[in-house]
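In the two assemblies presented below, chain A is common to both, partnered first by chain B and then by chain C.
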Partner chain A sequence: MTLAFDPTTGLVSPLVHGLFQGSAYGLLGLGLVLLYKSNRIFNFAQGEFAGVAALVAYLFDTGSKGLPKVPYAVAILLGVAAAVLVALLTERLVVRPMFHRPRVVLLVGTVGVALFLIAVEGLVYQDIAALRPIDQALSIDPIFTRLDRVPVLWSDLAKLIMLLALAAAAFLFFRLSRMGTAILAVSQDATAARAVGISVERTSMLAWGLAGLTGGIAGVLLAVPPFSTTPGIFTGTILTTAFAAAVVGGITSLPGAFVGGVLVGLVQEFASADLPLVPGLGSIRGGGELAVAIVLLGILLVRPKGLLGSET
Partner chain B sequence: MTAEASLAHHARPGTPVASWVGRVIVWLGLGYLVLLLPGAIGGEASLDASQAAIYVLIGLSLHILIGYTGQISLGHQAFVGTGSLVAANVVSTGTSHAAEPVHFGLSLVAAAAAAAAAAVVLGAVALRITGLYLALVTLVFGSVAANAIFSISSLNGHEAGVTALRPASLVTDYRFYLFCLLLIVLVMYVDIQLGKSKTGRALAALQENELVAQAFAVNVMKFKLIAFALSGAFAGLAGALYTYRVQSFSDKNFSGTPGFNLALIFVVMVVVGGLGSRAGVVVASAFFGLIDVLLDLAAKHTFMAQYYSDHKQYVSGLIGALLLLQTVILNPGGLGQVVDPVARWLRGGRFSLHGHGPTSGSRAADVRA
Partner chain C sequence: MSLLEVEGLRTGYGLLPVLQGLSFSVEEGTTAVLFGLNGAGKTTTVNAIAGLQPVWGGSITFDGQKISGQPATKIVERGVAISLEGRHVFPKLSVRKNLDLGAWTARKTAKQQLDLVFSYFPRLEERLDQMAGTLSGGEQQMLAIGRALMSKPRLLLIDEGSLGLSPKLAQTVFEVVSRINDDGTTVLLVEQNIGVLPYADQALVMEKGTLTFNGSGKELGESGDLRKTYLG
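Entry: the complex of A and B
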């Protein structure tokens, strides 16, 4: 969502759009952080967990491809459930056989999963699968409020609220629950964790299931117009920036996924808004992405553990 | 029985004459397939074959980077694109007349140099950041920084593309294809010689254990940068050929989603080919360069033809994904495990699937985390 600088709305427009675009990065980044925290792995398939959820929810909501048409809420739930199922299958069929291989090889394995899911999505349904946003399903006014004439949409607000809620819930899960602590123990030392009676296999399943859950929720929230949801679009357009956001915020920090996501979203929108402060930057196509890349490199060189991260 | 005799007994060589006849037949068959068949088929065949040749160059280039530094690059399309862009702009013949041979040669050198320079910049970052984080940096570099460069409108022909006609001597597609083969031979020669040189041994030492290599006074920084530069140069060369194959440069091939897809295909073909196996990488790269043509052929005569032509990119994507997954999960040596013994046999060695070549699967696991 690149907008030219509009003097009538001033800085509010990039601020609002950056905040909501950033929550999209944060939502995907949350799943990346979850898996890095628990498995020390960069999950390249996270974007397609979202893609699968969006597609399944769309197919059930519209009743296409011979599927029964179900109520909106059920379609959303089915979509998220499909993402969790795909994540669990990924763990069982791809990650577990490679558990003791180098992490970069595992990364290539998740690239394979992403490519596989993109292909399957495309073979099933290759047109735009734009999900109805929540306001349409409830038939209410799509605009929640206006900030200085910039409309704030319900569907955007839902992303931000859900991101905050998920980040907080996941943070508390790792802090307070026994399962969360067990996942962290396995991530630090799998052998020692096994010795005190933690099932490495079950914690791994749990971590991937949670990643599928956050990915699925991200998918059904993000796949609304004007974002044109086609197979592979999450991997192609959001995932890279979500990785950057997760690393900037701190790849081991769940609040960091939120902070990094919003920060990267803001940097991107301000850099591409062609503000008078930085003449010419907005006229480069992809100036926003360039600014994000510079921020990422700066963070990696100066503070590799990220803004809120506790370790690299 | 002496040790020597016992070895000879275990080797059990076939009758020399018969096995050499077999080798010659296979050599001739390969030679026909690679050198003559594309010309004999005519039509688009030479263009398709040069696509395969260009992919082989890219595969070799990426293999140098992954093989010697143990680092995955998810942004290799940026180097290829840089080469493609530079070559087109150096020659920039317009649509009317063919390139002067001198300019053509110059554009190849400039493409290689520019991509090598870009790779050295990335390599300098790689000296500080390793493993997963470097994979991420290459990903961002490829999809973001390169996008910004390719979008400079005076370099991409104001979004309409830059025309770069081939020189008169390469004007037929078949001749151009032979020229691509020539460059592959050149690159492979440099690659093989590199492996034998002091630089190659230093790089091999780095690959085994960076700290030990450093203790033996191997200059880690210098040799890592050499590997990056060489890989970038070859990718740039491939990029120049990419331009000349269709005789124009379009930034849309290398930026956005198509560029991202290219980057992933490049990684897939090297991993499927087998890290540490040059022959495996060559075969896998050629396969992925030709995959659309092969699928077209396969689908033409089946009842799936209509469905296939509607879902083309997803069918080839599915095949690539399945090949990649089966390689990383079940068969880390990749195609090299099959291709290497054949290549060894063709060079006059003994055929054995349990050989002791560079691919016993162990090097594939040496990609560092």
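Entry: the complex of A and C
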């Protein structure tokens, strides 16, 4: 029997693409885990924190809409700062007034924020906006290296490295720092936290600020070609899968956001690649999604708390 | 001037009043015990003192300064700490981290207080790296009191410190509280366990949000009526 393609390349391509696509899920998933750990909130606005950052960075990088054109690095920083600001406003105007309501009310509140942000993004910009990737800004070759003829892009590598760095930093923050421990204390027993003198309002602001930061970083890393930003696209295309990935990793586990994201990315890519291992699956429409669904359900049946379990 | 002065305190939940003008004071260096049946308003009272319950009216003064209306953080900083009813340890944090968090407002004295807490509760030192939620009920109670002590309080409030403990363990807790008091900390206990009476300099009895007795522990012990009605 002869194969229609080189089987080695057949493995490398989905491996590389799965890893990087998974990094995208992981980057958004990290913010979801952060807020779930802190507040037991599912934040549906996380995708649009990324969307806002991408849009603001794009507008400043290109000097559109009457905004001044600024250096690339400054535009990126402004984009991330915008996401942090939006996250802090979300905390102050939506989350805090509903703090003592059932968690499902808060969830709907964050859906409201997502829809509101999509609407505002639409008012500002209706076209497709793709951010210049880092290689273009630095005028270097976009290809970092080739693995068995499959190109590995700088902009993809940046996603993976940043995801690893952020997941590790967030993990250490909760493990070692005083403020991180205080956030965990509030999530475990808010009354006791107040009794020892922790300000529940301040830890909540901090958690949302960090979620905004990771969301913003996700936005400026992901909104590069071939992906492009239109209002709501993060919520529409990445958020749902990021949620699933975060839950599979263990929704209270920061390393789990990484593990879950990459796992989902790999399953998706391997299932939609036309591998001889699973003949024909790649040719089914939605085969990748189907495979992800089956793997996710399987994992959750065996490990209901996700792969990395609780509070790591 | 007393260390703690509660004057015409009014508070409640939602629209429902629980305390409608409660007044009492506690002298520095003493152990006061607040008795009363379930629902009398004891927890509401100590939580209000700790700043965990909004004060509707009246005033709470600590060491000559008004603390009612202040946020809990400020009240802890001033020197009032509470061991909550139901213990409220942070279940998924280690004993060590629970204690560290007790010193949230008092980092400088944390080391010294930690040694003090270990001297009262050697058991906690043995279990430093255990998750607080996996401790026995008695150990969790020790941790709750130890965590409150970590802020180096001048007034320690303990709400139902013996609830659910064996008579022997309850007695142990009372003995440690007595040592804490001997070392200079003023203590206000909420109790339903009459075994605490020998340690009480001052006894208060609450019924439906008002005080029906305020005297020495000895007086309460001798008045058979009160004993029967309120302490069962």
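Just so it is clear, the second predicted complex is superposed on the first by the 302 of 312 C-alpha atoms of A that agree within 3 Å, B and C clash if a C-alpha of one lies under 4 Å from a C-alpha of the other, contacts with A are read in each partner's own complex, and residues count from 1 in each chain.
Convention: contacts are C-beta pairs under 8 Å (C-beta built on N, C-alpha and C of every residue); 3 or more make two chains touch, one makes a residue touch a chain.
Note that the coordinates shown come from a computational prediction; the quantities given were computed from them, not determined experimentally.
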Clash-or-fit label for the pair chain B, chain C on chain A: fit
Touching partner for A:94 - first (chain B), second (chain C), both, neither: first
First, second, both or neither for A:216, with chain B first and chain C second: neither
Which partner, chain B or chain C, touches more chain A residues: B
Chain B versus chain C as contact partner of A:250, first or second or both or neither: neither
Touching partner for A:194 - first (chain B), second (chain C), both, neither: second
Which of chain B and chain C A:310 touches, first, second, both or neither: second
Contacts of A:181 with chain B and chain C, given as first, second, both or neither: second
Minimum C-alpha separation between chain B and chain C after superposing on chain A, in Å: 15
In the complex with chain B, residue positions of chain A that touch it: 41-42, 93-94, 97-98, 101-105, 107-109, 111-113, 115-116, 118-123, 126, 231-233, 235-237, 240, 243-244, 247, 284-287, 289-290, 292-293, 296-297, 300-301, 304, 312
Touching residues on chain C, where the partner in the complex is chain A: 50-52, 71-73, 76-77, 81-82, 84, 88-93, 97, 100-102, 104-105, 147-148, 150-151
Chain B residues within the chain A interface of the complex: 71-72, 125, 128-129, 131-133, 135-137, 139-141, 143-145, 147-148, 151-152, 255-257, 260-261, 264, 267-268, 271, 310-311, 313-315, 317-318, 320-322, 324-325, 328-330, 332, 364-369
Residues of chain A touching chain C in the complex: 178, 181-182, 184-185, 188-189, 191-199, 310-311
